[in-house]
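In what follows, structures are represented as structure tokens.
The following pair of complexes shares a single chain, subunit A, combined with subunit B in the former and subunit C in the latter.
== the complex of A and B ==
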């Protein structure tokens, strides 16, 4: 067992384990290639190949001061898994350490993901943010997770909790930033509780980096009449796995899941989503789009569960992909599991290339081949970008999309 | 809702119509499975040495394998040592005419509505009837013989056309392909063999009726169809089984080999005993079906109507190796009571400009679970390949489930792949529309479901379409969503 600990992480890099949970993780271990959930994302092999946890030192740093996309009073920065910048709470938002969650508010799901178990078994830095009942937080919470592997490899584990109380509203932006060329491994976890009639919008941005291996679990628990929108934008990563689990724990919930992955080089991104309709009269809408070029690999798995009692569920899911090179690979599995009869569920998924007629139309009007292509690709991703409600983020993502599209 | 419940109740309590057994003396092997049994079967069937070796190798591979558990089905573990692996109706002298067939057996077929004579005289279908693993009658053989088409039982083929069997056996489904295929390869009892020579269009639908009879007999069919260049054949398979309390295992293998320009159509109507309304008994149907479009411009089409079996585990698939080859899969799967079905297809695009089309319609009622599991794979060199998949599910009653597991793996930028799925119940507005026009609710449901399945039923050959519609009507009687 101790071998496993050294092999798979952290004691060497300074992280401490939470005994029972760490044992539980060790009993399961990391997923191998035979695992159905990690079939197309052999992250364990890559971790074993790329990472040398012994070389990681755990010295604490200070705020690296990376560029921010916008300014907000609610700005936090993690460096290599340590909280290096935080803000003071006020009447509307309270800030506490993640270990301070009252037992009554522990919404820790019984989830079997191996990396979730690993995260649970480790002492991780993080916060517990709570938006007070009936309030609206005008400016978004902005969390930057910086992993600096310029000098040596690095590893980070974080765990954050966000709780929107009844009838409150806020937005949270989580941006993952990787500095340096060495390999790094990050295991992050975010728990979002959307209280009764609360409204939460979450953004997950993975825009830069090169050699990072990242596994993130996001759990969203929605209560009655609540609204949640999740947007995941991934444009980099040696191997990135995003697990997003939405639990609709009462009636009349509304949930939106949108994602965009735009990959080049040998990037590998895997989005696994689960929407669990447990009660009647809820609505979920999922749309993921992907553009794969060069040697990249895109994986999508969307599960929709409709439990026996969840009558009158409306659940929609779509996953559209464009493969722009013969060396890119796509694995997609839109999965429906339905146990209730009075439902309306659909999913669709496509893989293809740009419409030749549309290209011809643009070219006949004087656009060059590359320009016409880029324009169509931009239109393809617009469906997702238009869902972004924070203007500076939208601009940033758009400009990054443009820089990929128009520099050929 | 009270009326709905009542109708549902009636529907769910409907007993299996073909549930009865006939006493025909069987020549059985002792239950259990070991090398001796494999040798016994091989010896009993007078098989050449190479086939025995092939079986033994499969058996040894099987011993090393584990029963797959990834499918969305649950069933008590099967004790493979409890099964009788060989059972044959007592050997008669070689049969020249139907008169020599055991009259009891003829009666069995008649009760199933597939009287050999009727078939022979009226429909022009050549029937290779399989009862308890041994072919008892083959009709129309002479007529097919004139065209050079070989259509006979598998054991006959082993003796009369050993070269062909040796060449193609296991070429599509290798003996160690999966757990159930390996089991079948080791102990297969009989089956059908069909060879269509170059340029020949088979003038009639070839049909085999399977029937599981003696108690505790696993049925391990093996079908091999080889279509030479520019040939055409349409093959029908259908089955019914008598009422039985213990679960019976059926692990069949079907292999289709299509060469250049060849077209093979394979249709199945499966109505084995699904168990009673409490989920007791019923057939376990673990089947490996695979076709290879080895030559350019070849085409294979699978059509299936699955209404029976307690547990179904079946994925008829196509390997599209030849350029411009085409694969099709049309399926209607209806489950009721405690039935479980995990079925679908696999389309592997290897050649250029290959096309595949998947249409799957699932209907679940009672407490059943119905899953579609499909894979579309496009290899890097399969340029301009095209796939369209559609899988719809219809739910009747609030205790059943419908599941969809489509895997899509693309490695080529010019591939165009589309998948869409919907799940819903029968619209109240649709039923209202019908009742308003004087059609009672029950007929309205039948009408709507028939329309829902039409796309698939239309693909069935005439001879089968009738039976399939009958089956659907029977299953749907009184089921209002």
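== the complex of A and C ==
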């Protein structure tokens, strides 16, 4: 596999050059069958089976002008890993290339994930955005990652950095869009620093696409008194792996992680999350929900670390799932490691079918079978949807509940 | 309105109903009584179309159509309403948010225009008065954290909104104190009309002081073994069910 990547991937992907970190990646390689972290998501096999990096044709192009969910002056578009549309900075938000990060920024953690190491070893397009101290960016930053695999397979590597300085606030929406039917592979990274008393809400939207393989790493570093909320919505994907790592690097941090996956066909989605409580008096709340039907597969792994110093931590986690067919598969694993003694932590995961008695109740009132199901499914996902603060996104996701689950 | 002939029904291969015969005409109130496990609630469930029950024999004709051929929602649209013995709790779904959809399905079936949100609200408020139910309760998750009385009042409220032709009350009195019982009974009585019928399934005579039946039937071992007027209910209250059992057991076993 390393050979394969070494041979084709750097030249074909648009990330044409490797850097000093590439050797470190090659020493590790991609996760193999024995990998604990990728046990239920055999992405390396699927990449080997589905991708022919040699076949990828030129990836140059201009802004494809795909539909947007809302308008904002802070709109950026990547096409096959190339930044093809960006915006000018102003007094509140500065825009620079990701290669211009000053050494003082401590974005990159020492993280073992193989795809993170791969990303680190490749030159990749991306930006470095900074929200100036004490300011609120009124409209969200909106990044669309478009992969066009209409004419050939496609591969993309991106790496973006967001820094909310002390007491600033902004929202960032990352939307992944697929044009064309050929297979594609993406390795994306987003690094977020939430400064002292800053507030950041981030959204990851994976609402369509059929043949994409994607591994994304999101790293969030929170400073004292900061607030972060992440919402990850995944409706589609041949194999999608979302790694979300939250580091609570000081006291009185508040962190929310919410996710929703609604899958049909043979879609496979894996959310691996880590919340690392390193200091006392912080709060984290995680709620992921899944609806699986047909032959789809859902994976959830939630790690919570409460380090010895992190007394008076409050950490909550839940993962609830509905399996609507006998052929859908779910793997869910909470993983709490607690070294501090004065903490309040809870976790719970469930999987089940729609409540038959509830269905009969609604039907006995005159609702058709599909309407009754849709109502129960919407009720099931409502507490995640209610966390979405950007109305057009919420409406879009709501409108997709029916279409994902009643395709036939 | 309703003609049940030799109805047999099983759940998990156990035959619960073993030949029920019953005819209900418009305007009538029928009480179905009987000891625990006799098949009262099964009869109510079979009429509403609960899928765990398999009808193995017999027929049910409702206003000229074969009721057993209809899905639960079709029965509801044709005017059958079941007030549940154990109303289901549904997190995230409020009474108001499903009831308008339900009502409009029924109205569409009847060839009526759908009711918009504004009209529905004033219609709903009128019906709320009947059972003295609070709007805040109806905006909460259905039955979640409701008291027993609130759940049953909510059932009768929904019945008032749906305006069924045939209402089936499945042990609506169970778990109610006397005040709640009166409220529920008043709600039911105010919906009575010459073209509507009611089947009241109950273990105790108590409710029948407030909802006065035209006929009382005793169901035992899956069939109706005795029928009479409201005096039969009083007799049962006084003497219990044992005398019926001793009368019937030698005959059917």
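Observations on the model:
Heads up, the rule we're going with is that the second predicted complex is superposed on the first by the 389 of 408 C-alpha atoms of A that agree within 3 Å, B and C clash if a C-alpha of one lies under 4 Å from a C-alpha of the other, contacts with A are read in each partner's own complex, and residues count from 1 in each chain.
The rule is simple: a contact is a pair of C-beta atoms (placed from the backbone, for glycine too) under 8 Å apart; a residue touches a chain by one contact, two chains touch by 3 or more.
If you're wondering where the values come from, they're calculated on a predicted model, not measured in any experiment.
Of the two partners, subunit B and subunit C, it is B that touches more residues of subunit A. Contact with subunit C, but none with subunit B, is seen for A:375 once the two complexes are overlaid on the shared chain. When the shared chain is aligned, no partner comes close enough to touch A:99: not subunit B, not subunit C. Judged by the touch definition given at the top, the superposed model places A:330 against subunit B, while subunit C stays out of reach. Touch criterion met: A:362 reaches subunit C, while subunit B stays clear of it. Once chain A of one complex is fitted onto chain A of the other, the partner contacts of A:383 are limited to subunit C, with no touch recorded for subunit B. In the superposed pair of complexes, A:90 makes contact with neither subunit B nor subunit C. Counting contacts by the rule stated earlier, no residue of subunit A appears in both its interface with subunit B and its interface with subunit C. The residues of subunit A lying in touch with subunit B in their complex are 36, 308, 311, 321, 323-353. Against subunit C, in their complex, subunit A makes its touches with residues 355-358, 360-369, 371-372, 375-376, 378-380, 382-383. Put simply, subunit B touches subunit A in their complex at residues 70, 380, 383, 393, 395-425, 481. Residues 48-51, 71-73, 75-77, 81-82, 84, 87-88, 90-93, 97-99, 101-103, 105-106, 109, 158, 162 of subunit C are the ones touching subunit A in the complex.
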